[in-house]
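Chains here go by letter, A, B, C and D, matching the order in which they are written, and residues are numbered from 1 within each.
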């Protein structure tokens, strides 16, 4: 009985989310806010990716920024080559401006050899290549990292520390490899995404829809993924990996699969973020950013995909709003710190858990007044 | 009769200490075998060796003629060995029904499992197991919220759902009330014939209720093997048990 | 960039949604009020807020003064302050808010090159104006940025000859934080060192924010150099100078000649550690003129801190608002295009002396100065160019006074 | 060669200083304290404030910082960590929140900023602690140039390590701590007041962070977010060394310190950092429980 209500409630939340996200341009007549919301929707995707690996697989990835950053850089390379200034650097083929900067005197003005490693950019002259790599590269890296970690049965906090060290390493390399990455300044001054001759201005309603539809699709796909048998088996490996092994499942392959899916989503999110914000920087590899994603997911509800996504969107929207009042600017981080400690202490299942408990209370109350026995409030159908 | 599990000269060496030493026994298909032995006799280690939790340093384990020695746990499980632990091991954050669904593991690969729902045959088998274990009333309860006995039955039910040909049970009645013990015995007896079952157990009343053939281990070695009555009369067995008060 | 604009116009025509942002609409109805909104965008939180807060304060002080004196064309300036939070991502977002939602005609802001690079596309695509008050590496030629800080030639062209000829030091150890500004400064330095008959023995970099200098300083010690040219930025500067002292090096024998170490870093490291070292900047708090003493006094009163220090970027943050005011008054209207035209050739008597915006590259004429730091945390100005020198953002690529790569027509890319 | 080793040695001592407290709180209590860096920061600020307002020099600041950081640690244990024992990932998350709170409290001068009050030595700016001049002048000893401040850090580190070893392995409370490390339930059953001992242990680990803060203040910049980079280094050391192993922590800081020192002398600091991260990842993959470890809670 109560189970049905939870499933219905769950569906209602998804439906409401999708309807609101898709109808938003009709309500918000301000392209600036649309662009802002598009960015937060991308963060919502990141929260969702964390929930997928952390909530459902028990894998806390403190280096998710690695995959986000890789995705961002891949598309940014393509868009950089499309920018007007890249065509202006004294060659008939596009050359990113910073490469001239880093070029050795006398180096030919060509992507092949202007700086050491600049040849890596050659295929990115095709935009579709950058778009594809934005997902492929994070996925390949995640496959390699994931299979190493999980085949060796590294688990729990050690996964967190390895991923943390990895993202630090990536940050170091991206800053140091200036001839290829433009170092600390990152890739800026990008062209706009162009599909079928249409340029997608980040502040255009159409661009908003690219993001909005992507987020909805990823959300639904992830939801489908966790409700498949594979999703169920994954959750079993989180609870008791040994039991799963004795049932005949190769636990590592499930962990690698979902770790990789989560990384792929993060890479995709990185790509979308570049499309709406027009730049990629090594700060995507900052530890603070990766931990922020975990914070969003924890506040929203680590074991609810939509909860984690809403957590990310909510926190960022509030943050943007309070930053407009001088007094709050300083206090905001303090508040976020306090809220976060409280959530971990008293609301480990986050806002989604809270909503569920409230619904359970309501159900129990209505059943009691209806003269029936109140049932167990828990359900695992997420 | 066909042999389900053949153990040949199995041994494991923990840095000089042989917890299991040249152990040899054959368990027939459909047989219910009870393993007895005083504490430290190597019973649980034997199960660890069969199920792949611990790597053997010598000897072989064959399952229906196939060598499964030192394979990874999940491969041994896929080959048809199911195991129940002493401390109940179920997925505590999943509901009872979900636990049973996970146990339908004839298709272990990730990509083959990217589908919703399950086949009618699997559904039917789960229903049968629910009947057998009497968990029908608590299907939506989280496994972690079950009583101790229910948890044990659920684990047992998962092994049956898993369609293991050989089921290893490590003290299935530990910590159970008498009523629960007797229900467990009923479940095990109903499995006899269709499954090969290997039970480690201390509760002699329970053993007498279910046992046909008994293997006694002592200091990692095989001490005696045979029908319950013969074993109980065996003086060597009595000697081995003297330290722990004899068979009771 | 003009091509970008054309693209943009085409875009706006094609997609009605963005039409409201078209450049022609700046002077629309809402602007007819008695106030002019301007954006102020610095990091008020995070690691860089230490410096950037003071730049925001100087900007606000100039706005206050202008308002007290009657505003611009009879209208008061209304600063809209946003926090970049020491994070390029946030800078980008806040800049788009100022440009697209608040529709300010100009933003005063940004300190690091990374933050400028992150906001630049917004100003170029939306044809808005950024007034950027920081010394930077050059190699930029934007129609949408007025650069009021020094470019490498304004910090180095008298510095390197002075080190070699006056200080008599010939073997340079070049050390910097690992990003573009220090690397570009090193490039220009090397050219100048070789032109003046010196040599460089090493060119080394450390991560930004790195605070473990043991290995680097010991490498300096054993390198056989007789002067250290430091392009180290931010809080690592402090760790660097301290380690330098801890390893027993003194500025008498092996001076650190810095391009970025300002009054703020000196105060933070403890003046005794830096005493005797040198820095080159167009502005120092110690410039002993009535104009500057007044300015320091007013600034201290404004931030209510009697020991507050001023430095180069802070002074630029201040005077660029006045340059902007003059530009608006000359143009007679408050639109980005009018301001760009109006700013060309504007001259102002800043605390450091006369500053002029170059009509071609929108960079600013400044007077290079060299100071030696004393035990009181103040620089003593020991060398000063007789007049402001022309900003050459492409000097590393052979740009000279008479041969500009970046002009009002845009960048002549064939020269690169 | 001596120079190279000395650089590695001083890197080692700094790493060990930071990791020592973490090794206690993480090893003994299973708490991943992301606010450890902020406790270091509080130690540094204690020295700065005591220098400005009380005229304390570094020697007086050391014990004061120990006490202040220990008290802050005790407060954190009481309010937050006590509720999270056994939930290791949650301790990581909650203490991350605590770290933000501590940073903001320093930036906002404990909220006084809102009332227009300002305390010298606090706030978002950069601060420094004065080091006595005699500790800044190197002297020659048998032809080797000795840096007094680095040597001082080294000595304090050795002293604190010895003290910690003594406390853990040679005192009654140390026995209790080790008992709790291995099995808290059993320890409680044996009549050990687990809560009290845990609180004291955490306070001690925090105090060590405070001392580290004072020593770091002598050659690093004191600022509100100085702890952020510190804590990651500390964790890598502890995890590589093996959770709960004092010897492991010492050896792994020596290993990572020397690798960092040697690589940075022979190539550069950036590659040195990268190599250290690489080694750490490899060691965790090879031996997830660290170089030296036993099963803990």
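In the analysis below, a residue touches a chain if its C-beta (ideal position, glycine included) is under 8 Å from a C-beta of that chain, and two chains touch if they have at least 3 such contacts.
The structure presented is a predicted model; accordingly, all values stated were derived computationally and were not measured.
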Common contacts of chain A and chain B, by label, are none
Every chain in contact with both chain C and chain D is listed here as A
Chain centres from averaged Cα atoms put chain B and chain C apart, in whole Å, by 75
When centres are defined as mean Cα positions, the distance from chain A to chain C in whole Å is 35
Chain B and chain D have mean C-alpha positions lying a whole-number Å distance apart equal to 49
Averaging C-alpha coordinates per chain, one finds the centres of chain A and chain D separated by a number of Å equal to 33
Expected list for chain C, residues touching two or more other chains, is 45, 178, 207
Each of the following residues of chain A touches two or more other chains, namely 172, 176, 330, 333
Listing every touching pair of chains gives A-B, A-C, A-D, C-D
Listed in rising order, the residues of chain D that touch chain C in the complex are 3, 7, 10-11, 14, 107, 118, 124-128, 130-131, 133, 136-138, 145, 147, 149-150, 218-221, 223, 225-226, 229, 261, 264-265, 268-270, 272-273
Counting only contacts in the complex, chain C reaches chain A at residues 1, 3-4, 7, 11, 15, 17-18, 20-21, 44-45, 81-83, 85, 87-89, 92-94, 96-97, 100-101, 113-114, 117-118, 120-122, 124-125, 139, 178-180, 183-184, 207-208, 411, 413-416
In their shared complex, chain A is touched by residues of chain D numbered 32, 80, 83-84, 88-90, 92-94, 96-101, 103-105, 107-108, 113-114, 228, 232, 235-236, 239, 270, 273-274, 277-278, 280-281, 284-285, 288
Note: in the complex, chain A contacts chain C through residues 30-33, 35-36, 39, 84, 88-90, 97-98, 100-102, 109, 172, 175-176, 178, 182-186, 188-190, 199, 201, 203-206, 277-279, 281, 283-284, 320, 323-324, 326, 329-330, 333
Listed in rising order, the residues of chain A that touch chain B in the complex are 3, 224-225, 227-230, 232-233, 235-236, 238-240, 242-251, 253-254, 257, 376, 378-380
